[in-house]
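Next come two complexes, and both contain subunit A; in the first it sits with subunit B, in the second with subunit C.
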Partner chain A sequence: MIEQHTIALAGNPNTGKSTLFNLLTGLKQHTGNWAGKTVDMKAGYFSHKDRKYEIVDLPGTYSLYSNSADEELARNYIIFEKPEITIVVLDATSLERNMNLALQVLEMTGRVIVVMNLMDEADKRGILINEKILMRRLGVPVIKISSRNRTGVDMLLDTIDRMITGEISTEPVTVVYDEETEKKIILLEEKAENIFQGRLPARWVALRLLDGDQRLIEEIEKRFAGRLEDGFAGRASVSTIGRSV
Partner chain B sequence: MALQGEQASQRLEDLFKEAGHLSTPGLRDHVVEQLYKKSSELTAAGVTYTKSGHDEHSEKLDRIFTSPVFGFPIMLALLGAVFYLTIAGANVPSAMLADFFSWLEGYIAVGFEKAGSPDWLYGVLVLGFYRGTSWVVSVMLPPMAIFFPVFALLENYGYLPRVAFNMDRLFKVVGAHGKQSLTMAMGFGCNAAAIMSTRIIESPRERMLAILTNNFVPCNGRWGTLIVLASLFMAGSLAGGTQLLAATGVIVGLVLFGIFVTFFVSWLLSKTLLKGVPTHYTLELPPYRKPKVFDVVIRSSINQTLAVLSRAVKIAAPAGVLTWILANVTVGDTSILLHIVQFLDPMGQMLGLDGYILMAFLLGLPANEVVLPILLMGYLSTGAMVDVDGIGGLKQILLDHGWTWVTALNMMLFSLLHYPCGTTMVNIYQETKSVKWTFLSFLIPTVIAIFVTFIVAKAAVFFQLI
Partner chain C sequence: MGMAKTISLADGEKGDRIRISKLHIEGVMRRRLLDLGFVPGRIVEVLRKSPLGDPIAFRVSQTCIALRKEESGQIEGELVDS
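For the complex of A and B:
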């Protein structure tokens, strides 16, 4: 059997995330929702260079805290299902606002490709983006595309491929918080690492717990309680992903 | 090394407790602030502007589309335009499809005769199954094939978030969430899908409001009924062009009434069962984008239209068979169907309807698409078996059963206001995980539907309008 690699697609609403998803998967996807809005997660498939990929279109969200069911769904997928690559789609015309989500994802996983979509629009408005600087500072690949004009997609596919083969390794940037918070984070991080032993990103867990993320605590309890000893792996239960996957 | 299960969960609990002690209320703000700072640092380093960087085009348009003066009139005009296009455009292809199916039925009938099939088999398969499904296809397919792509184009262009923006003020007043208008927009397509779309609403209280009131937006399954009845009874004596306008006006009026009921119920609930203050949120207005017309039209026609239609046919087929059986199996000297009709008739008359109509709504619980076909089959199974040739023949059948414009209006109102379809209720249960709220989502619309139709029926008699 050919191994199938998993990719998650995250991003703010209205960044052309679904357009990219459609472009990559063509009609090989499960749809059924109304008027193109992603209200549930859609999964699609594509192959590139003899490798098969399953790509999941996460709900478009502005953050990945537990504000809404949508955010939780996207968050849980990245944290517990551990896609091999998470692509964060940003609107190139309003990077500053969009960058937030990228930073939040980077706290959760380092296996990230940042995609600047709507480059055609940005060019038109005279917005010049130096992706090399951003790549260096973020520590992950940054790729400019226009999913509407289908430019930059080859580059994206290539980067995905090279990330899977291990040719590209990432060194995600760490956002450093104020001293007091950092002290608390380090204290909790150590303990979390002891318990989860790499199964969850300890620093992120520490940060979320400090934020009093009750829903995350419940989710961890649901997925981990009493099961830590039998080697909980990433793919716990598919049913939590959402109906249409 | 494996951990001991109990020990591990103990340590997990300790971790949570410790985090609880360390957690401070201001921490989230710190974190978010830091993230924003980092974001602007990164953007400052990596982005340069050669022009203003603003989207002047969108800003100009927004000054019109979201203006306090023009916002609402434009919204209404667009709503009207979409419905006008749907009604006007659907007439001819609907009639053509109906002709085609009845032409085909002639041949099928001959085939059955030649094969020497028994009457009951012909009845179940052709009069029940075939007529039921072909009716649904010819009445539903054309409006859907117009409505879905037009709506999707509006959304793709970026107009829908502006609707939410305009409506936000009104929703605030009744204690609901502005994003509810987006979920309502989805309700025009399918209430069941719209229930899932309420996930975009952050706070559970306002999300529940959106779930409980979504049904007051007529879904695609009810368009068929509304459009047909509006064109038949609400514009009868007018000439061609004005007839269409009148029918459109009635539909727009119904939609507005549904929205009014939505506001009223939201207000009532947020004063009683769902008390609370609306939460703050940011609504992003994305730039207007030239829609990819071809992609959108193809995708929405294929995905949405076929998905909804296949569901309709899947349910219409067994419903057609069931109706035929009910109409043709007799207990005592009358059919089961007539027993049900007679039982429901007093209640129906009280609401300005009749027993057949209530039966159709009951049997139509799985999907609103089948209400009108079932009603028709009910009428036809007892009267003389005539072929419905086109929409004119349909009107004759209804008139023969004592219909007036009040009957039509009340059926439209009942359709607009009554309980959600089976699929929607299943979704409501899945999203709320609560029997109580699911039951309320059934009870509230039903009570309102009964109340409103009752009032209209009594008023019509009182003012001697019929």
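For the complex of A and C:
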């Protein structure tokens, strides 16, 4: 059996995310209810260079932390299902607004490709985007496309392929916070690393704890119940590290 | 050049441009507002007010977003000369 690779598609609403999804998968898609939520996510399939891919169209959101059902679903998929690649689709005409989500995803995983969609519209408005500088600053591939005009999609497929083969490795930018926050992050990060041992990104867990993200703690308790091997019950350890700072 | 005038977003008049300085809101709503673009340092414009002044529509990074007084009254900023 040929191995199937998994890709998640994230992005703000109205960035042409679903147009890109349809373009990649054609009619090979189905709608599913995931993880007991009422929000629907579509999964689709495509092949490229003898490799098979499953791609999941996450709900369009501005953020992953405001705890609406959509945002939780998208966040949980990226953090717990661990797609091999997460594509973040940005509206090239509105990068200031869109970059928020891109940076949030980069805090969760480094396996990211940033796609600048609606490039035809940006060109029309005279918006110039230097993707090389962005690529250097973000530390992940940045691809300009127009899913409406079908330009740039070959480049995207090629980048996906080269990321799977390991030809492209990423070095995602780390968002640095103020001194006080960084001190607390380091404290919590170490404990989180001991508990999760690579199964969740420790710095990200530390940030969520500092944010007081109760919903995430509940989700972790549910998903890791009795499976944490640090000698504590999962419940006790996750809840107590939050209190120790 | 005098001191910039500090007002709450709820007190803005149509056409005013306000540079956000502080959000007096915590928790999930704070996060939501930040995600929508109500970020300290950024300039928002009052697009229109409904007849009773609630809600108010703002232009925030190229998008129109309406806030209730409950929220806009908790966001503070400086009037910017246009």
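Here are a few things to note about the model shown:
The working rule: the second predicted complex is superposed on the first by the 218 of 245 C-alpha atoms of A that agree within 3 Å, B and C clash if a C-alpha of one lies under 4 Å from a C-alpha of the other, contacts with A are read in each partner's own complex, and residues count from 1 in each chain.
In this section, a residue touches a chain if its C-beta (ideal position, glycine included) is under 8 Å from a C-beta of that chain, and two chains touch if they have at least 3 such contacts.
Quantities reported herein were computed from a predicted structural model and do not represent experimental measurements.
Partner contacting the larger number of subunit A residues, of subunit B and subunit C: B.
When both complexes are overlaid on chain A, the residue A:73 reaches subunit B alone and has no touch with subunit C. Once the two complexes are laid over each other on the shared chain, residue contacts for A:177 go to subunit B alone; subunit C is not touched. When the two complexes are laid over each other on chain A, subunit A has residues 62, 67, 93, 96-97, 100, 211-212 in contact with both subunit B and subunit C.
Within the complex, the subunit B residues that touch subunit A are 2-6, 8-9, 11-12, 14-16, 18-20, 22-24, 27-28, 30-31, 34-36, 38-40, 42-43, 45-55, 148, 151-152, 155-156, 158, 161, 182, 185-186, 189-190, 193-194, 196-197, 199-202, 207, 282, 284, 286-287, 289, 292, 295-296, 299-300, 303-304, 307.
Considering their complex, residues 27-28, 31-32, 35-37, 61-63 of subunit C touch subunit A. Chain contact summary for the complex, subunit A toward subunit B: residues 12-14, 22, 31-37, 39-40, 59, 62, 67-70, 73, 93, 95-97, 99-100, 103-104, 121, 125-131, 133-134, 137-138, 148, 175-178, 181, 184, 187-188, 191-192, 194-195, 206-207, 209-212, 217, 220-221, 224-231.
Residue ranges of subunit A in contact with subunit C, taken from their complex: 62-63, 65-67, 93-94, 96-97, 100, 211-212.
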